[in-house]
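A short worksheet on the structure shown next.
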Amino acid sequence: MIIFHPLSTGESSQELNKKKIINDPVYGFISIPYEIIFDLIEHPFFQRLRRIRQLGMTYLVYPGALHTRFHHAIGALYLTGKAIEILRGKGNEITDQEAEAVSIAILLHDIGHSPFSHALENSLVNGVTHEHFSSLFMEKLNEEFDGALTMAIRIFNGTYSKNFLHQLVSGQLDMDRLDYLKRDSFFTGVSEGVISSDRIIEMLDVHHDQLVVEAKGIYSIEKFIIARRLMYWQVYFHKTVLAAEQMLVKALQRAKELSMNGSDLFATPALQVFLKSRLTAADFARDKKNLETFASLDDYDIFTALKVWSSHPEPVLSTICRGLVDRRLYKCLLQQKPFESRMTDKLKKNAAAQFKVSEADADYFAFTGAIANNAYNPKEEKINILFKDKQVRDIADASDQLNISVLSGPVTKYFLCRHPLLQHE
Amino acid sequence: MIIFHPLSTGESSQELNKKKIINDPVYGFISIPYEIIFDLIEHPFFQRLRRIRQLGMTYLVYPGALHTRFHHAIGALYLTGKAIEILRGKGNEITDQEAEAVSIAILLHDIGHSPFSHALENSLVNGVTHEHFSSLFMEKLNEEFDGALTMAIRIFNGTYSKNFLHQLVSGQLDMDRLDYLKRDSFFTGVSEGVISSDRIIEMLDVHHDQLVVEAKGIYSIEKFIIARRLMYWQVYFHKTVLAAEQMLVKALQRAKELSMNGSDLFATPALQVFLKSRLTAADFARDKKNLETFASLDDYDIFTALKVWSSHPEPVLSTICRGLVDRRLYKCLLQQKPFESRMTDKLKKNAAAQFKVSEADADYFAFTGAIANNAYNPKEEKINILFKDKQVRDIADASDQLNISVLSGPVTKYFLCRHPLLQHE
Amino acid sequence: MIIFHPLSTGESSQELNKKKIINDPVYGFISIPYEIIFDLIEHPFFQRLRRIRQLGMTYLVYPGALHTRFHHAIGALYLTGKAIEILRGKGNEITDQEAEAVSIAILLHDIGHSPFSHALENSLVNGVTHEHFSSLFMEKLNEEFDGALTMAIRIFNGTYSKNFLHQLVSGQLDMDRLDYLKRDSFFTGVSEGVISSDRIIEMLDVHHDQLVVEAKGIYSIEKFIIARRLMYWQVYFHKTVLAAEQMLVKALQRAKELSMNGSDLFATPALQVFLKSRLTAADFARDKKNLETFASLDDYDIFTALKVWSSHPEPVLSTICRGLVDRRLYKCLLQQKPFESRMTDKLKKNAAAQFKVSEADADYFAFTGAIANNAYNPKEEKINILFKDKQVRDIADASDQLNISVLSGPVTKYFLCRHPLLQHE
Amino acid sequence: MIIFHPLSTGESSQELNKKKIINDPVYGFISIPYEIIFDLIEHPFFQRLRRIRQLGMTYLVYPGALHTRFHHAIGALYLTGKAIEILRGKGNEITDQEAEAVSIAILLHDIGHSPFSHALENSLVNGVTHEHFSSLFMEKLNEEFDGALTMAIRIFNGTYSKNFLHQLVSGQLDMDRLDYLKRDSFFTGVSEGVISSDRIIEMLDVHHDQLVVEAKGIYSIEKFIIARRLMYWQVYFHKTVLAAEQMLVKALQRAKELSMNGSDLFATPALQVFLKSRLTAADFARDKKNLETFASLDDYDIFTALKVWSSHPEPVLSTICRGLVDRRLYKCLLQQKPFESRMTDKLKKNAAAQFKVSEADADYFAFTGAIANNAYNPKEEKINILFKDKQVRDIADASDQLNISVLSGPVTKYFLCRHPLLQHE
């Protein structure tokens, strides 16, 4: 088998200069700052992110939410460039090599995401997180790029000497969050989530190797925390989005169940591997081929399968899939307390009777679960505010007005999803 | 096989009222004006448009251009509502039934689009246009909705008594164009394409059953014509977009060629039908099943196949597909005159030699073609300007400054595409 | 003296139709919904608002904040039109006459503002509030319009039978606030203040004659309350804005002091009246001429006087004025507790010594004060949330997450302003 | 007379760092790049621009158009910074000193504008242009800043060795135009005028010391030329704007006439000087005091006078002024050909009779004139397009589609203004 690979000649590098600007409806023009960043973007691992939506099934509620992890990573790169400029302008040393490395780290911070990550982690790739895959991809790329990613990986892992660089990539105020809140807000059209990433970045500084925010930025931080919480409830945990994602989990679980029991389901070769075997972290570490297989999975494999399965003779699978394809979604209730088992038991019994399935399978038509969100969790890491007297205080203390202590407690909500035709009273 | 279909009960109609607002980053909130519009949106034929991008492969150049025909149709519906309001406000009679009918007509105007329409029309569904499919879908829906779409279909076809309603749906200034220019501009981030759809709609009126624009709107119309032309060259016919779309045509042609010759290619069941047979307009009219098959095709079927084919042992097919998946796109030249055959012949010879293929197959690696664009073609239909003295003149005459006659001639450009590694000198 | 007054002929009414659209960078096009609204806008009392900035001296900190009360009133009118449409769509009866009346009420709600209202109320027009002037202007207009404003005035005063109409004009969620937060945010460029007025209005309903918000709008309301609070501290009470406004108070107090003591200061005839006499509410009620005089005051009278006074031989007056004109503003400290008198006494002593003025006049160079803000004060009026079970709860109870009780307490801050050259340690 | 001048101590320099960001609704945050730029902005000459609107009387038609020359100058400074960065990135040498100098030059390019420049040049300051005043102010500032502006002045005058720096400040594509088109479009709300300043700047390069645009920027340039033309007819030469500005000219001419004839009119001291004497360019060069007097004139002096004069016993003056204050504007006709004298003579006769004035004074109530606009005038200076083969062609040749030759001819229109009550048939 012959494949002609353009990058094997030097030709395309001639074109490099002309392609170094990317149009972004959110920020305008984004310039690619380094050759290696350009080469990483060109790499198939990164191009794959063009086919993985940032917000999974959310487009079923917010039809504009089709933006991809590709665009998000480029956006986070852009904000990182701004942050470097501001921090340097305030006298914090960031060498050129460090600037390049932190740019690489942010570009690749999400490279390990699978399509519909959370759903897949609960069905096909049990137990292996996207953070773990990101590390595997970075190691692989570091080999291909002859070690040029070493510092970036150390920054990403938090083992590089300057901790504040790590915080730019992963922390309470990292460029990841600043970009995704703004971008998700933009593409969903939920204007309440708009944050002033510009202003927050302008207020960043470094104090004792910690990323801090100047005191006059307190209001922007409060606003950021509130906006993030609102986006959680209005978008990320919207009950219809939740219903669609839970349906996806159920569909993939059912498909895997059927596959492992010997049924032959339509799937791309890559998806077949995940339907027919239980790969663990160890398997991905051991055999590079498994990582390549994972790298070829994207939204297309998953949704194409759902479409074909929606005509499958097995009724549980086809019912759920048809619902996703035609947007006949489960009904979802959200409440503060767990649902009483008396109620859920009855619902499952109804489901078994109505859909003529076993009690075990009734769980595909009615089920409960919990979701949690910390708008701000100072136990994990703080947002440090730097006052003029060089004192540093956590935003939870520094904010005299907003009751951050209330915000920062974990908020758990409980959901109950049921097939829309299921009798519930 | 049992499929539980929610709409068979009355329950979901209770939910109707809560879902009548759709978030749109372009216009804000869009309210669904009629029950039947809501039901049409819920229909699987329309939900399918959620999976067909408005701009096909354009996202490979403008990564934000992921918006779908679903969102565009909703947007055009919104503008139509505005136009109805304005026209009524100026004393033009539009009955409630007509308002509903024209809303249906604009909602469904693009329902017959296949994924990557232009590419597919040149490969898999030879000779059947998306307009033809739209008519077939509307007829089918009209049956399902017991004739409720009859007036809408007449408006769409131009056979309804009030011609200006047809012009709102299909004409030089229809709501389709006003929405797509604005929407494509928004999601690509090409701010030059922004048009003032608001202002143009404010200036609309009806004169002798023709849609006209008030004289003070001349500048906005000039701007609209210019913006449209710019969007053509900067987005729709961008040479890299062109390259990607031509590659897709070539890939599908090759796949069909192989399929018809007995090769077994990976494909969804629906795509298999199109790879293995040559369905004509007559076939779609004759057998409803063929239309159903067409209705289950979307971007997922096509791109998933490309992904799997990129590892196919047949090198022509896999080379093109790999190029699309990893974004190693053909190089494309655009010029005013046709390319000289001496040059293209030599290029094809080189291709045959370099890629070790027959001269016929060399056409997959180097080829030419033409594209044409009329920013404004008064021969087809005019943009009528209504002056205060009730005189009506075509914009090409009314505009004293802009040389519309130059703009309105068809602009043809010729392209030459070649594999990026092909020696060309 | 002959003045030719165009409206005495019918001619300009011919032009009416052409002028019924106003361009607004915030909302796009705004249509004027009623003839009487058009006529009120044309009236000199309303045209006067073109010369009164919404945010007084704020442009010295946010240079874009030049928008006027004229534009704000038109914007609030626009939002009121939207709200009427939504409320009617949910089955709440609003007659055409009521719709017109509430539109008039919102258009005129701020008509009594003087230039730099808060500063003037503390210097030239002691004790007469802008609400009082608004009532006087409305009564005067009602006479001129032969009683056509009667219902509007009752809605404005809260004496009309449908209380929810009054709440649209003046209440926790009135169209005034929705517009000014959005508009101030837009023109200052402080994106954190952006509120989703669209979404809030979409969620409005009426329950037992009270304006309520549907339960699913809770997050938007929380966001609105937060945004409002942030705008207070970031814009309205910005310490440099505060300094400029306090300087204006001081300049006008000094000018009045000098005038009352017989000095002759440059001023427009209208301003002279206010410098040389102490008009009370009774004076304005008694003599229509006084209201006319007030009606001819605007930003131009005040700032022109400051400019001329900045070269006045009296050093206290000229120093303060020169500072405002050349933007050499006082330094301002803000803190949670009152400043200790020991410190302020010392500062005033320094001022007396340094600027060679009496201890009484030292107060012009160093002084303290307090400002207070309630982001939400449920004691005044509640924001009622309507749940699906038709229960109504105050947002402070309904919001399970945000500690509204903290937000809703009054926040008082204390300021200390001093001349920038004043020795302070 | 004692005036306490803060900048005489070093104190405020401590504050410098905190004030180096300016909020701009158009671009977001603007950082002040150099200390001297900061000091120039702080200077009273520059602060004066806060009180001079960019678009004079345009706010009477577009109520948002209140933005000032201050904000525009800061915006042009911002774009210049971007351009420097892009040009340097393409290998064009710009030393740090040159970067600072060109920034100064653009900041001060409009410093000589009087309030309502065009009106004043035709009434009070006959024969002295704003360019001339700009030079005088720069010379004065250069003295105060000990020669630090010398290079900036040479760039401004076009006498510095690198011509392309001058072109950034003053040329077909200078940062002045790029900012004002975008800013005027933003604040008027006329979205058709939006240009992609970002994209144009990205495409700039230098070739043989000329500012050029890369070939792929052709469409953006065409769009820029079209947008500029549209802004002319839709905003700058809008017939109602024109009417207001002509009324201002007439009011000031009348006031000067009365003053020179011994009448005593209300005016600020600075305006009095211009009403009572005929200062020439020589007078401003000779006596620095005259420049200081000019420097203290702004929109406040002019509009305050109009307000007071609107109650003046002389009916011609008060009629025009009252019209401006209450927005009872003259009617204005625009056409391609000059108005026939038969018609205008008759109109003036009517005016004399109707308003009981002499035939000479009738000219205040009915008059004609001409305005001209070149969207693009290649005779003055070209917009050079740089092709890949290093050939340079003027946009008028390079653009194969748009008939630039039509656009580039001067477009003259003729206007006829008359008092709204004047009988005209």
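Chains here go by letter, A, B, C and D, matching the order in which they are written, and residues are numbered from 1 within each.
To be clear about the criterion, a contact is a pair of C-beta atoms (placed from the backbone, for glycine too) under 8 Å apart; a residue touches a chain by one contact, two chains touch by 3 or more.
Since this is a predicted model, take the numbers as computed values, not measurements.
A.B. asks: For chain C, which other chain has the most distant CA centre?
C.D. replies: B
A.B. asks: If you tally the C-beta contacts, which comes out ahead, B-C or A-B?
C.D. replies: Taking the two pairs in turn, the one with more contacts turns out to be A-B.
A.B. asks: Between chain A and chain C, what distance separates the C-alpha centroids? Give it in angstrom.
C.D. replies: 44
A.B. asks: Taking each chain's centre as its mean C-alpha position, how far apart are chain B and chain C in Å?
C.D. replies: Distance between chain centres, rounded to whole Å: 50 Å.
A.B. asks: As a quick test, compute the distance in whole Å between the mean CA positions of chain A and chain B.
C.D. replies: Inter-chain centre distance comes to 31 Å.
A.B. asks: For chain B, what residues touch not just one other chain but two or more?
C.D. replies: 28, 190, 198-199
A.B. asks: If we count contacts the way the header does, which residues on chain D are in touch with chain B in the complex?
C.D. replies: Listed in rising order, the residues of chain D that touch chain B are 190-192, 194-196, 198-199, 219-220, 222-223, 226-227, 229-230, 233-234, 336, 400-403, 406-407, 411.
A.B. asks: How about chain B: which of its residues touch chain C in the complex?
C.D. replies: Per the stated touch rule, the residues are 21, 28-29, 198-199, 202.
A.B. asks: In their shared complex, at which residues does chain C touch chain D?
C.D. replies: 1-9, 11-12, 22-26, 28, 42, 44, 47, 50-51, 59-60, 62-64, 66-68, 70-71, 74, 186-190, 266, 268-269, 296, 298, 300-301, 303-304, 307-308, 311, 313, 315, 318-319, 322-323, 325-328, 355, 419-421
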